[in-house]
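The next part holds the structures, each set out as structure tokens.
Across the two complexes that follow, subunit A remains constant while its partner is subunit B and subsequently subunit C.
Here is the complex of A and B:
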């Protein structure tokens, strides 16, 4: 790709950003350059430095989860192969994120409310909020509205496994429940007890 | 004759008043009038020059540099004057420009301080300031940064341009770099940021004790480097962030 000599540095920046977005779709996730820095994987003894490391890992984890539609991250993902390998290791520089460091990063994310320990009362597994529960609530209500399913009773299954893929496809039940609870607070949803489990009805609030 | 608002630094105002008084005592009134007219003409010409070339001064670094040199050589301080920015500043908007750049430099240094311990490479600083300014900011040179930092000096914030192994860096913390740290930084720059105890022992003939203490202080006390405890060679390596490059 030829470089235009007339493009200013800022102009080139936005061209690069656009190219990255395209690359992500075609070639896969684009890791930030800090991922190639060996010390990025070590838990830093200087607290100010470690705060930066945790911030960068948080950004990376949420961004990757959004890209791959992943909802859970466990401390053990740092050891076993799987969905998170691309991010938790860098084989080109021979570095891995140790479980202890990942555990500390997860704690940081929970403290910042961009993740929650799921199930509750343990600290080895988190549910990631690459979209906040409040945002999920809006997406959910919007989907119910545009698919003409207002005021009908739906099962949770119909939401997580609809015939046509939606942003809510495969959303974990704990997160779905959180979103519904938020909608209930603004009178836009109601949990209904049904024969074989949980159901919900969406509506627009009465004026 | 006192005129408000003229910032010609070559003339001390009290002295000027006195001199004019003496002068007017010894020469005729018409000659004094003539002198004042000449000064007024000179001032008008300078005003015209400054406003005609204002945009070029703002956008073209080499022209700006030449203009500043001219001001210095004729004894005019573009920032001086009774008002905060000075008459020149108001005319050129130059004081504002300088001030604005100073604020941006401080902004970048403060926001990267935790990452690099208060020491940033000149090239990196220019890059980030340029990003802040966007397209309309015009290009910024090292000279602009150096001049701007000079104006920050009275703030006593400790901003200084330092030279480490031939590379210009900007230091924004009051703490002086000790000699050992300067040596380590120099080594880091030669090796893409990575320093280990053995390097200091073999290449600088330090004792292990001295190497360890210096590196650990940089790491723990000063936050000037990051630790890599998966280093294949030595197990423990120190990475100097100001010699590393990554997206913010």
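Here is the complex of A and C:
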């Protein structure tokens, strides 16, 4: 292992940091140094250690999802190539996150309420909350008011696929519906049944 | 037909040794045999194993051992024939069967404990039918006891019964038809159920009646075949050879006639010995004496072993003494060093005689003395170049050093807690999660080892368990300790992991190339996660 031979009194993590700086320029996402430590990919039998591992993975997954605007993570992503390869694998140190470990990380994330199983009643796929539904509600209302969509009826499609890219582009419908429900509770939006499905009308909050 | 009449089905799934009588002996076996019933192949017995014993021929079927296996008493065999085989025809052994298998003799095969009516001895099952007919203690035949209580004539009994093992069935083979209680059909005597209506037939009448009953020709059609000697045979066909050996065994068995001679011996014995209470007493006395003798022999062996061990220890002590005397005058020669180290390795290095309980009266002092002795043994040999040693190894080594005055495990365990008081550096006990208990010096205590391991890993990078076992002790400054065993090391490292000192990299599970689960070893790392601060993409970067 090249890693250990290069390591001297300066410690291994400075080397890893240097590697990551290079990485950052190529891929545009700065991976944490821990991502280059092989034990990070192993499910640690010690519960205290594993808690830290899950915490760090949660952080890594959410920040990567935010960076790439990804909403879903599936256990299968650990096996098949795709959007998540960059974090779930590290070819330089020949390590990958085993599906079983990913599954337990997902469970940890759902427990911490930074993700939810979507669809419900299964544990293979989660919807990631790199913004909480409450935060999405704010973003949505902000966007509606800045683009002058108050008091008009909009279809969900107009929100998820607007002509001009917005923070809400490609937002999954379950998440959008959650955000609208939160707005509806404070009387800032209303779900309306229209001819081809559902629509929403935004209101300016009463001052 | 003859097969059905003479054979008894057995459960072939039971190993053949378990089916033998106590006095029966297995003489030979051959697989890949087929059975002919008369001149015809018997379709259910075409591939199996034949066993010849001193009493019986067993056939254990290959495909269906539980339903198609059978045994035949060799006492029914009147003569045998051997056919060497020709071209595609396999070698065969023909057994001509004679005699009658009455239902009565079948019953006697059922093993059961029976109580002798004369002396009250409980006879165990498992003897061959001929032997089982006679009480093992007083030698009175079983039938005789039954009959005499019924009040039958004595002279008749004494002449016929002791030899009943073989003669009995022949004598009883009178062709007396049995009338069916339901339809009155006269059935062949060997049948148990009526041929016409399948009603259970009554048990055969007693022998005395038989003799007086008129002998008439039986009415069962079955009887016609029975009279035909050509059909009263079975053949064993040897498909894959081995015929000669089996035929030899069969001949031996038939010539030996163990089933007959046993009965005869008992009979003769009955004539010679004094019958009655004194005879019984003598039998009991003999068996007690026999048991005593064998027990004495066994103990003598043990004593001899102890004497030898004592000699060995004495020799070791003497050698040691001489070496010490020699080395005080001049430099110790190379041979002397070698002998000394060999003695130590054998665990025979002990300065004076082992402490035994009779030296000290108080139990507590006795344990203290033992602890002192054990400490010496440990520091001289077992732990001289090892910091950690498993408890079983200590116990074995100590007892080897003690020679004959062995320490039982219970005492050993009582001595262990006293050990730290008598050792420098202190030797303490440590029990792993797996249950393995070890004795160790301070550098091997849980906390000290964790710290040393973490330091070692930080210095040298990740290591497998094997590498840790081999390299870690070499790394210690000024240490002359040999590496520890891999399994011990594994226990220690895993213990360290439980405390969060190290973390693992499961290469087999997580490698992209060269993974594949089993066989790839876990690599150990210092616990990188404790105190780790996120240094990846920050939210502000977006």
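In the analysis below, the second predicted complex is superposed on the first by the 178 of 207 C-alpha atoms of A that agree within 3 Å, B and C clash if a C-alpha of one lies under 4 Å from a C-alpha of the other, contacts with A are read in each partner's own complex, and residues count from 1 in each chain.
We adopt the following convention: a contact is a pair of C-beta atoms (placed from the backbone, for glycine too) under 8 Å apart; a residue touches a chain by one contact, two chains touch by 3 or more.
Bear in mind that the values here come from a model prediction, so they are computed numbers and not experimental data.
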Check your understanding: In the superposed arrangement, does A:32 touch subunit B (first), subunit C (second), both or neither?
Key -> both
Exercise for review: Based on the superposed arrangement, let me know which partner A:41 touches: subunit B (first), subunit C (second), both, or neither?
Suggested key: both
Check your understanding: Counting only touches as set out at the top, which of subunit B and subunit C does A:119 meet: first, second, both, neither?
Key -> neither
Check your understanding: Is A:167 in contact with subunit B, with subunit C, with both, or with neither (first, second, both, neither)?
Key -> neither
Exercise for review: Look at A:82 in the shared chain and tell me whether it touches subunit B only, subunit C only, both, or neither; answer first, second, both or neither.
Suggested key: neither
Point to revise | Touched subunit A residues, subunit B compared with subunit C | key: C
Check your understanding: Do subunit B and subunit C touch any of the same residues on subunit A, and if so, which?
Key -> 13, 32-34, 37-42, 44-46, 48-49, 52-53, 94-96
Review point. Considering the complex alone, what residue numbers of subunit B touch subunit A?
Key: 114-115, 127, 130-131, 134-135, 194, 219-220, 223, 226-232, 237, 239, 244-247
Point to revise | Residues of subunit C that touch subunit A when the two form their complex | key: 460-462, 497-500, 503-507, 509-514, 523, 525, 527-530, 532, 534-539, 541-542
Point to revise | Touching residues on subunit A, where the partner in the complex is subunit B | key: 8-11, 13, 32-34, 36-42, 44-46, 48-49, 51-53, 94-96
Check your understanding: Which bits of subunit A are touching subunit C when the two form their complex?
Key -> 1, 3-5, 7, 12-13, 17, 20, 29-35, 37-46, 48-49, 52-53, 56, 59-60, 63-64, 66-67, 89, 91, 94-98, 101
